[in-house]
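Please see the structure below; I have some questions.
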Amino acid sequence: MREGNWRPRIVAFFCNWCTYTAADLAGVSRLKYAPNARVIRLMCSGRLDPQLVLAAFARGADGVLIGGCHPGDCHYLEGNYKTLRRFRLLRRLLRDLGIEEERLRLEWVSAAEGEKIRQVVTDMVETLRALGPLDLPGQFRQWDQEVETLKAQVVEAERLTPQPA
Amino acid sequence: MNPTSKPKVAFYWCASCGGCEEAVVDLAEDILNVVEAVEIVFWPVAMDFKKQDLEAMPDRAIAAALVNGAIRTSEQEEMVRLLRRKSQCLISYGACAQLGGIPALANQFEREEILRYVYQEAPSVINNSGTYPQPATPHNGDTVTLPAFRNSVRALDQVVEVDYYIPGCPPTPALTKAALDALLAGRLPPRGTVLAPDVALCEQCPRLESKPKDLSLDAFQRPHRTALDPEKCLLAQGIPCMGPATRSGCEALCIKGNMACTGCFGPTSRVLDHGAKILSCFASALAPKEPQGIDQALAGLPDPVGTFYRYSLARSLLRRKRGPSQTQHFIRGNPP
Amino acid sequence: MIATIEPELATVCQRDTTLETLLQQPEGRRILSCIQCGICAGTCPYGEYMDFPPRRIISMLRRGLMEEVFQSDSMLRCVACYACMTKCPRGIRLSDVLLPLVKEQTLQRAPEMPAELQRSLQNTLRYGNPMGESSRKRANWVTTSPVPVPILAEIRRPVDVLWFVECYTSYYPRGQDNSRAVARLFNALGIDFAILGNEEKCAGDCGQLTWESGLFETLTDYNMEILRKYKFNRLVTGDTHAYNAFRIRYPMYGFNYELEHTTPFLTRHVEQLKPRLKKPLNVTVTYHDACCLGRRAGFYEEGRTLLRAIPGVKLVEMVHNRMNSLCCGGGGGGMWLDTYFKQKGMDRLSERRIKEALATGADVLAISCPYEVYRFEDALKTLPHARPMRVRDVVELLAESLED
Amino acid sequence: MRTPRPDQVRIGFYICHCGTNIAGALDVGEVVNHVAGLPGVALARDYKYLCSDPGQELIQHDIRDHGLNRIVVAACSPLMHERTFRRAVEEAGLNPFYCHMVNIREHDAWVHTDRQEATAKAKALATGAVRRVALHKPLETKKVPIHGEVLVVGGGIAGIHAALILADAGKRVYLVEREPTIGGHMARFDKTFPTLDCAACILTPKMSAVGAHPNITLWTYSEVTQVEGYVGNFNVTVTRKPRYVIEDACTGCLQCIEACIYHDARFPDEFNLGLGKRKPIHLPFPQATPPVVLIDPGTCIEFKTGKCKKTCVEACADRRAIDFQQREETRQIQVGTIIIATGFQTFDPRRIPYYGYGVFPTVYTALEVERLLNAAGPTGGEVILRNGKPPQRVGIVHCVGSRDENTNRYCSRVCCLYSLKLAHLIKEHTGAEVYNFYIDIRTPGKGMEEFYNRVAEEGMHLVRGKVADVYPDPADPANGRLMLQVEDTLMGRILKVPVDMLVLSVGLEPRADTQEVRRKFNLCCGPEGFFLERHPKLAPVSSYAEGVFLAGCCQGPKDIPDTVAQAGAAAAQALALIVRGYTEQEPNTAYVREEDCSGCKSCIPLCPYTAISLAADKQKAFINEALCKGCGVCVAACPSGSIGQNLFEDEQLLSEVEGVLTYA
């Protein structure tokens, strides 16, 4: 992160057949959009293990974008429905853990919808800007500070106390 | 106490219900064998030891320290650090030490909320003077201190390094004995191992046969509102059973009691986040395809965090509820 | 009514084609294929001053709205530089066919013709030259020639080359310089040549282009009759407009002689000439491509070849050269419309061209069309310039270098 | 093949300038410097064109000279060049799956304007890839055998041409056509531009060739109802609609039509777009292939009342071809590849009400005019208006339903030329004054500009301007004369042009059921709704479904020469697959770690390909590699983390997530 100039970080999990291809199309069409999304290619959005979503947040993502084929269009028949179901539950779970639902977004983007990539990414960046940084790594450090302070004191005390024979 | 040649063992109890201590006792006759084989040098719940006794020991003097309970206070931190220093092998005993356990569900709430509730708002409390526990209170010209109540509940290994884990709420006597036997025999697996089978519970489940191969759920059921078939896979009855995502080794005791697995053994070694995994499994098995139907089916899971992270919230990837920032004040609380 | 067209294009259009019948002709079909790209208007030196540049004329023609075009004096601004025709992607013979027909109709409807132009056309009809000089003095310049210039009526024998001198080179003093030079060069090369002398009349090119069809017919008939009186192998002229008339239109009136302009003619003899060009001129020269010789007839390199043959000549190019050359503004009647153009607030094309010539830093502006001497020398008088510049016909420079 | 331990990972990182495509948008050197400092990276380089031979050789030399065992290439989309680099890596002796690509062109350089941001993004993506590739495993590509049969869907000129090429190559072809005859749109055309040869003259020989070809199974009046399987092994269900005439028994003698109880043809004739009439039993047009009549149960008396004298059956006599009991039938076939040639539909000009189609009887679509011009058409080739008179003035409006944000944004490509063709033909047939109203005249293609020239020179009125209003001519309302109001934009004048006939040059559109077909065959559609090709330049006939190729106007508007060329290309691609005999599949299959599996069966119902079963003896899940398509749904859902997926392992993805987040 560049100092004093926070930019939302998005990890985007795109399915190979529709959304990833749409992002390629956006490129080929030279559409311009916000540079905040880091795309990770999956064969199907159905491969997206919720653990990866949580890991992305835990490792510093401000938002996670999932892109899959439109309902009925899944290259693997129904993978996107599985994604949708997990997504619905995961959003609730995140909400209950104090993470704004908007930080996790699921979009159906077909291979032809390069323009939609532009819209979705740009819109999501705006949403995240309004929400502000999630910065879980920072939050973890802050939470652990109470432990770290004590740890330092213990270490210091042990240094001063000669070890029993 | 005269030093002996027997390996020295310590037990300690942090934020827990006491069930783990009970489990040790539950070893029944086997406890005698253990006592025979080891020298118990520290066990505050059962025997009279003081912190100074521990401090007086040379570092790594204890062969194995079994710690149960999660870490919530500065005192617990201090004690486990001390134990860590004095022990060759630190064993996390039970779900709370391993995963945060039930106490870690408190991580869904801000410390302040908890204190306010416990000392003021709970229906049974009358506290007109608004007295709250303070880390340090002047008393008769002296200062009386209390351990600091931490912002988060932590698993043991989030505070000190842990060598082995014995899972369970509580661990079964069989697992405990097997672990202690291995310890005494020096037959220990690589450090960091959970001393239970690394396979999900279904493998041991007596109802596995009854689970259909084409499970598709229209809804989740609340167990207390459902007449449960004592023979049939609970998940197949719409009961959120954590068995498929939970490490086995418990002998499926809950299932045998017609009760769904709640996940106390934690996930397998391949899983980073217990809750996320079972969430994925459950959600994938739903039948509806459109948001409304999906939400309806999921209405039977009113508390996803409490269900999926009943024992493992402290060890989850997100660790706790992200709350408002006024917690800052408490985090800076002085240690005793 | 229209005259003719290049022999190879004779089928494109009939002699008696009018605007009414044009679209039924092969050339009319080309006009229908116009894609309205506007390159004609874009390349026209006076395009920005025209209400109806060629593209719009075609558009109006196809919609049957030509009367509006005739009401405008737009077409008088055409200097027949052939730029539009040369660049037309559809190959429409604008300057040859369509524009003259429009000009004719425009002039017929014009409430009054610019006086200068009217006088020139009247002079040409009455005296056979636009200056209104006596036709009996046409061959007077011959007496000033350092070499003998035979006149056909006098020598009464067939010659190889009939040299068609034309008006400007017969009457105007600077034009006579050109004629004397040609005579010297012919003499030096041992050409068997003769002129028509006082029998010659204007070939009529500009009259045709500004469209006085009666005048043009009169001149053509007259000149053809004279030519038929004599025997010669080829007709050579130093006047690009006469050359144009003979090349493009006279064939329709029975003209089938071999025809050459002096510049390519001399270029054909350049190797023979070279040893005689002894006197180094030590000048930098830039060459102006005359519209009728360059764009219209494709002789771009010949003038340059002759210049290179002269010792001490360094050749430099103007920004617009060869096919892209800028017109001097004298064609299509422009020679007699300077006052009119000025009234309309249009800049003079000769001045536009001279600026380019001056920018080359050349000492001499070489030309190959007799109109240009006057136009460019006048422009040099009105345009301030630090370095002196002379305007010389290529033949004058050749003669200058010729050993005595 | 070397399989180094993770601690021996030596990663080579390569970033491609792609000329200025990438290097112009981000700081390539900065990315190299950043990646060079990452753990495991032995070498980091940039190069002008990595996909070039020298670029690939550079990587190959480095693998040998520097002992590299992992390669990361930051360049274009992996969908473009992943195979190129994997092959290069393999040639250098490394397992190809030790190579990973980072997409910094389509996903970065081309879509961002801030150089610093684009550079930062490239660093992040590269870091993800470097982290990920360290955990890659050697894998082998899976080879799957291919069935030699081909299914061609659609019997227009594209399908016909593709089918004939494949059949001539000795392959069995199933040609399925929805209509009772093949021929498609082309069969309705009168003449074809730019050569003006008669459409039937060039089409019907090909149609008969299809009908007679021993290698072609022609199923008309049929539809593909289900497609299962994948490249090389498609299981296709074809439904054959009843035509109430037994195809094998009918000789095409047409005596039944003659004998029909209806003395006169009185029902709108589909083939002539309702401009002509037919009987309940009919042949769509004389050269219909197969030459088999059919009965329209909607108009046949026997079907409506059951009390017809069945004179048709009498006429058919002992050929006994007529069968009122015929039912819909289904056929199952197995094919290796599929060619989609489902064509287009013409724009319905009712959607632009101000042109008065369907309101004023003198307004026609271009396709209707084709039928009027055709000697075999309803008027015997006379251009006669519905009022029985030939037109003296005709207006042709170009771009109806094309280049218009209100209807279709794209250019339909063929309308300029067919409008010019119709102008020529109408003038030829009637001597009428013909006005073409155009936005731009677009005539690309061989001989097309010359054709435009020719028609222009014939004296067609070409008016640049789009007709804005059509209303009855106030001067002559009785005769159906229409007034067209248009700005001649080249002159800046409003023209009012009276015409007797208005022809609407309707654009080409995706067929109404495109979405249904797309789902059936797992295709993608472009923004305009036509089937999307894999790459507009490099894979113009490949679809996004492996083994399914596109031919003709279902992929986008095109003229007959291009359609035929594309059909040939699709046939060649299909043939290339069949001749090779197998396809290579990405080794991205999922697998169960047996010792970890609890046999919970959660994964089994999730697999769309029934690739997962429970090994009865062990009570463990088992994934049939041949059936697995590599979607990874089961991997994500396995509650105990016991299913892995090649190329998409949990730890690889997790490392990638961490990697892309380490740099912002």
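In order of appearance the chains are A, B, C and D, and numbering begins at 1 in each one.
What we mean here is this: a residue touches a chain if its C-beta (ideal position, glycine included) is under 8 Å from a C-beta of that chain, and two chains touch if they have at least 3 such contacts.
The structure displayed is predicted, hence computed values, not measured ones.
> Identify the chain pair with more contacting C-beta pairs: C-D or A-D.
Here the pair linked by more C-beta pairs in contact is A-D.
> If you average the CA atoms of chain B and of chain D, how far apart do the two points sit, in angstrom?
That gives a centre separation of 58 Å.
> Averaging over Cα atoms per chain, report the distance between chain A and chain D in Å.
Here chain A and chain D have centroids separated by 35 Å.
> So the centre of each chain is just the mean of its C-alpha atoms; given that, what is the distance between chain A and chain C in Å?
Measuring from centre to centre gives 79 Å for this pair.
> Quick one: which residues in chain A touch 2 or more of the other chains?
Within chain A, residues 49-51, 55, 78, 82, 86 contact more than one other chain.
> Enumerate the residues of chain C that touch no fewer than two other chains.
Chain C, residues with two or more chain partners: not present.
> Enumerate the residues of chain B that touch no fewer than two other chains.
As it turns out, chain B has residues touching two or more other chains at 271-272, 277, 280, 284.
> Could you list each pair of chains that touch one another?
Every pair of chains meeting the touch criterion: A-B, A-D, B-D, C-D.
> Considering only the defined contacts, which chain C positions touch chain D in the complex?
Result: residues 23, 29-30, 32-36, 55-56, 59-60, 62-63, 65, 90 of chain C touch chain D.
> Which chain D residues qualify as touching chain A in the complex?
Interface residues on the chain D side: 77-79, 103, 105-114, 117-118, 120-121, 124-125, 128, 518-519, 522, 524-527, 532, 536, 544-545, 588, 606, 608, 629-633, 635-637, 645, 648, 650, 653-654, 656-658, 660-661, 664.
> Residues of chain D touching chain C in their complex?
441, 452-453, 456-462, 464, 488, 490-491, 493, 495
> Given the complex with chain B, which residues does chain D contribute to the contact?
595-602, 604-606, 614, 619, 633, 636-642, 650, 654
> Applying the document's contact rule, which stretches of chain B touch chain D when the two form their complex?
198-203, 208, 211-216, 243-245, 248, 267-268, 270-272, 277-278, 280-281, 284-285
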